[in-house]
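I'd like to ask you about the structure that follows.
To keep things simple, chains are lettered A, B, C and D as they appear, and every chain counts its residues starting from 1.
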Amino acid sequence: MTAPIKHGVQFPAERARTTSFNEASARMRLELLLDAGSFLEFIGPEQREVSPHLKIFDLPEQFDDGIVVGRGRLDGAPVLVAAQEGRFMGGAFGEVHGAKLVGLLRAAREIESIPVLILFDTGGVRLQEANAGELAIAEIMRAVMEARTAGVKVIGLIGGRSGCYGGGGLIAGCCSALAVSEPGRIAVSGPEVIETNRGVEEFDSRDRALVWRTMGGKHRRLLGAADVFTDDTVQGFRDAALRLLDVVGPYGLDKLKAEQIRLADRLRSFGACEDAVDIWTAEGIVHAEDVPELPADQFIALADNIGRTSRDAR
Amino acid sequence: MLMSIDAETRTTAATWQRHREARDARIEAGSRLARGKIVEARDATRLMEAVIRPGDRVCLEGDNQKQADLLSGALLAVDLAKVHDLHMVQSGVVLPEHLDLFDHGVAKKLDYAYSGPQSARIARMLFGGKIELGAVHTYLELFARYFIDLTPHVALIAAVSADREGNLYTGPNTEDTPTVVEATAFKDGVVIAQVNEIVDRVPRVDIPADRVHFIVKSEKPFFVEPLFTRDPAAITEGQILTAMLAIKGIYAPYGVQRLNHGIGFSTAAIELLLPTFGEKLGLKGKIATHFALNPHPALIPAIEAGWVQQIHSFGSEVGMDDYIRARSDIYFTGPDGSLRSNRAFCQTAGLYACDMFIGSTLQIDLQGNSSTVTTSRIAGFGGAPNMGADARGRRHPSEPWLKAGSEADPDSPAALRRGRKLVVQIGETFGDKNVPLFVEKLDALELAEKLKLELAPIMIYGDDVTHIVTEEGIANLLLCRNAHEREQAIRGVAGYTDVGRRRDRNAVELLRQRGVIRRPEDLGINPLDADRSMLAARSIKDLVRWSGGLYAPPSKFRNW
Amino acid sequence: MEDLNFQHKARARAGGSRKSAIIGVVASGNLEVLAERVLPDGECRLEIKTAAVGFGDVWQAVVADFVERYSPGGLKFSINDGGARPDTVSLRLAQAVRLIEEDGQ
Amino acid sequence: MTLDEVLASLFPEGHDVKNDGGVVSGSATLRSGNKALVIGVADRAPLGVDEAIRLSRHVLDSLSEGSGPILVLVDSDSQRMSKRDELLGLNEFLAHLAKTLIYADMNRRPAIGILYGHSAAGALLATGLATRVLVGVPGATPAVMDLPSMSKVTKLSMEALQEKAKSTPVFAPGLSNLSRMGAVHVTWNDAVPLADQLDTLLLNMPDVHDRRDVIGKERGGRMKAAEIAERVRDLALHSQ
């Protein structure tokens, strides 16, 4: 719940605890997620590296092209970070936007010892530069894999308003581990896209409860697609990132094989389920229909009890 | 002679109950389709044809929120040879079918109050001559005319359940039903109700059975729209700033306790600032304690924080049922525990028992007249003009009322001076798509010319408006002594709109020195402090948490 | 899109020592303001790219009031605007000044 | 070209590649006598969870037992757009397929995509774009985003979009546009046996380093990506 009104200046930790990750801008998320004052941006807005393609469509540009990348510290340890701004063109991947993340991951591969945090907030490929965006995502997926193979931990944090859709969902699937909050969504096709292509009978995009129980943070956690569920605060995501950095191990073929087994098992167990509530029921949750209403602490206890995770299997 | 007098008296006596006889004939015709009072849904159209006569005045409910959708569909399907040229008298023109009736020729004339979602189409049909317009009313005004010259011959109403005798339970959305039934049933009209279910015993009797002639069970619950839910996530910093100004610059100094809020985001921001900003100002218990108001979800934090003592409602709001039931100290509830709303009573309460109305509008002119009409949309008046008007019949004193009266007329002797209701227009200088709030000439005037209306559709007349609040500050029109001051006071808070930029800077500065205009800094408010972190709830989910899980928002407002 | 440029004399230098500050995002009805301390102390410049064409006179009025009120001497403001309302523009400009006047880099 | 034509032209030495409801898998003998794993999507089938898991299994099985390059033949729809696929976590299944291909490629099993038909969006990312080299076959019709959908979202007419597409390869569908962006490395000649062209490719296989952004710049399609990525990389390496 929202904190009482501010009295004077708040300390950063206090602000991180009271600031909604979902509501915060990309810059605010980084400022409060990292150790105070530790963030250093690469190619900041003053460099004005805007998209070269938006003017073709007579659309406004943003100086950072909707992504903030740089380095900072988390509990004293160095991290590389990237945060998408979901409000600028839906956080979508364009040429410059994507290339910043590619460069960051390539550096991480060479450094080997410094982890990467990706704060996703994206609808996927930016329509106006679709080919460049799609290719950037392919390059990012490749770069994530190369970095992980070199020993880098790549953690995805998902709780922004644009969710993590399209190619963003595929990149998330390449990460070492994911933390997600209730408003966070992970999917490939967006609700409107499914409805447009397959009809409202297949998916009613205005039924937001349906959207969230199909793609939202709680479902992804119960499926084991995300390893940590956090309350929607920046501090929650900071704690989640620290936890995940602690548990992620080295990458190799065994992980890939384990993931094959994990996903095949999911298909076998839940492939016939029509709705998320059926899946949760099949997972042994009594009153599964109440899951969306559970407060964060109760839900976390429930998810931990179910125990489904992608740890060592992604 | 005696013989002839006797004969005349007899014939006269017979003709004095023609209406009752006609009503009985209609009921007789309809009864052939009924078992008791119950008519199958598939026979609903035949019931209409049996009961309704060409040219009848028909009230098709048609409220602000709930809709007798089964009956409107049934009426639309009548044989035009049997039913045509109806005169529709209904407060809400909300469903597409309400206007289809005119396209098909079932109905010809319309008297109404509010057209919300149909505002664009109703404008086109009025321009195209498809509808013969009686008048656009306020709710209270239309209800009044139900009892004078627009009494319905047939009322088609909606309720949650009925028992076999015809007692009706309306559920929390009682709204207009008692008023419509009162006017129809006691003046020889026929009342037909659609219900979601027929039960052995209704939870409470909202409408007694002897006022109900036919019951039709609908397959699906009647349509009801969540009109009063404002997602806190959509409230902007500008709206927060105007809300802060209103609380500190109007609620606090006048000590406004009894009031009505409009449905915009600015008033939602006020509701969400009470437990934070209001608390900090020490205003709890001193302002905003009694409301004439629908059950706004945005008011939940203030209720939970102990600000609100009592709320009477026009209608209900989707998702609020359990919360209301659990907070009967605050709301009006029946013996069954659910909300009892009543639009007519609540409108009266808003008019006579409230010291303030605060709401948004689309256009304000230099005299302070406001309108929600644009050239392509006629949304109707609804209830705002009753809320936002000085009640000339009011006689009881109260602090805000007397203070406003003395500001308006400082020179009259206090004992002979009328008080004034505070009528506050709140909004941002530019609305959606950069459309200015302030204009030199209202679109409503253009519309009146085009439609040859005798009255331009003014929502709130300038002489009723006491304050205008924008992000630029507060204009107190009570303190203006002539038309020029009034105009400059309005220009002074009109920001960068054309109206605002044409202000006389010196005149505005003088008004500011007199306190007629008060800027944020005059009230000790730094616009940079207007931050979303001040809202007691920043999302629908926060409202659910405040309610302890009792508020169950409709799916379209969820992000979980 | 429309480009607008304004040049003003400022009464005094903006406070603080930060070299630059950025606030806001480019979205419908919103804008970003990048403030940079790159001009002589008595000057102030604004370079605006806006998606809302034809509001030059409104911008001029907003900017003039802003410079009068905050005296942002030495600052250059670069603005990408998604069609924000004047009150939002005023607010972001004020926020940018507050940010660059804070301690830090 | 049809799948059968592609297979016949690619593998004159023989193959046992099957098309099972759009899921392509099998092995083939190369001119060199070496074996290759062949997987892919055919008949413009959508790529959903059921298809993806089968394809990734083939790759993983081959990693344990097989050798030689992995050829990914692509004629697909986009990802399958359905409630069920998203419910089950389609993003993970597609990512997993891509990961197996990338992993294989990094570990001495060079992955080559052969785009001979359609493909789009998530399906292309999980198949052709997860390889080291993506080959275009004339007649292929990749479309990251189709123009009618784009027209709907951008509220620009089809004519206006087609006009804009003449000046830039950055958004419009088509093989040549993807080629200029650096996504498609080479477009083969369908009048010459594909086997010969595959031989040439295998003999001149680029190293595992992802150079698609550099190629995009050389071909004038993506003028900024390579430079931006390099600058960020440099800043990150030198800020430690």
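We adopt the following convention: contacts are C-beta pairs under 8 Å (C-beta built on N, C-alpha and C of every residue); 3 or more make two chains touch, one makes a residue touch a chain.
Everything numeric in this text was worked out from a predicted model, so none of it was measured.
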Fewest touch steps from chain B to chain D?
2
Sort the chain pairs by how many C-beta pairs are in contact and tell me the top one.
A-D
Which chain has its Cα centroid closest to the overall Cα centroid?
A
Using the average of all C-alpha atoms in each chain as its centre, how far is it in Å between chain A and chain C?
33
Taking each chain's centre as the mean of its CA atoms, how far is chain A from chain D in angstrom?
25
Please compute the C-alpha centroid of chain A, do the same for chain B, then give the distance between them in whole Å.
44
What are the residues of chain D that contact at least two other chains?
none
Multi-chain contacts only, two chains or more: what residues does chain B have there?
none
Taking each residue of chain A in turn, which ones touch at least two of the other chains?
none
List of chain A residues in touch with chain C within their complex
25, 27, 37, 44-46, 48, 55, 58-63, 85, 87-88
Parts of chain B lying in touch with chain C, wherever the complex brings them together:
236-238, 428-430, 433-434, 471-472, 495-496, 501, 527-528, 530
Residue numbers of chain C touching chain A in their complex, please.
1, 20, 22, 25-27, 30, 32, 34, 36, 49-51, 78, 80-82, 104
Would you pull the chain D residues touching chain A in the complex into a rising list?
49-50, 53, 56-57, 60, 63, 79, 81-96, 98-100, 102-103, 106-107, 121-122, 124-126, 129-130, 144-145, 149-150, 153-154, 156, 164, 167-172, 177-178, 181-183, 210, 212-213, 216, 221-237, 239-240
Given the complex, residues on chain A that touch chain B span 1-6, 18-20, 22-23, 182-183, 206-210, 212, 216, 218, 292-293, 295
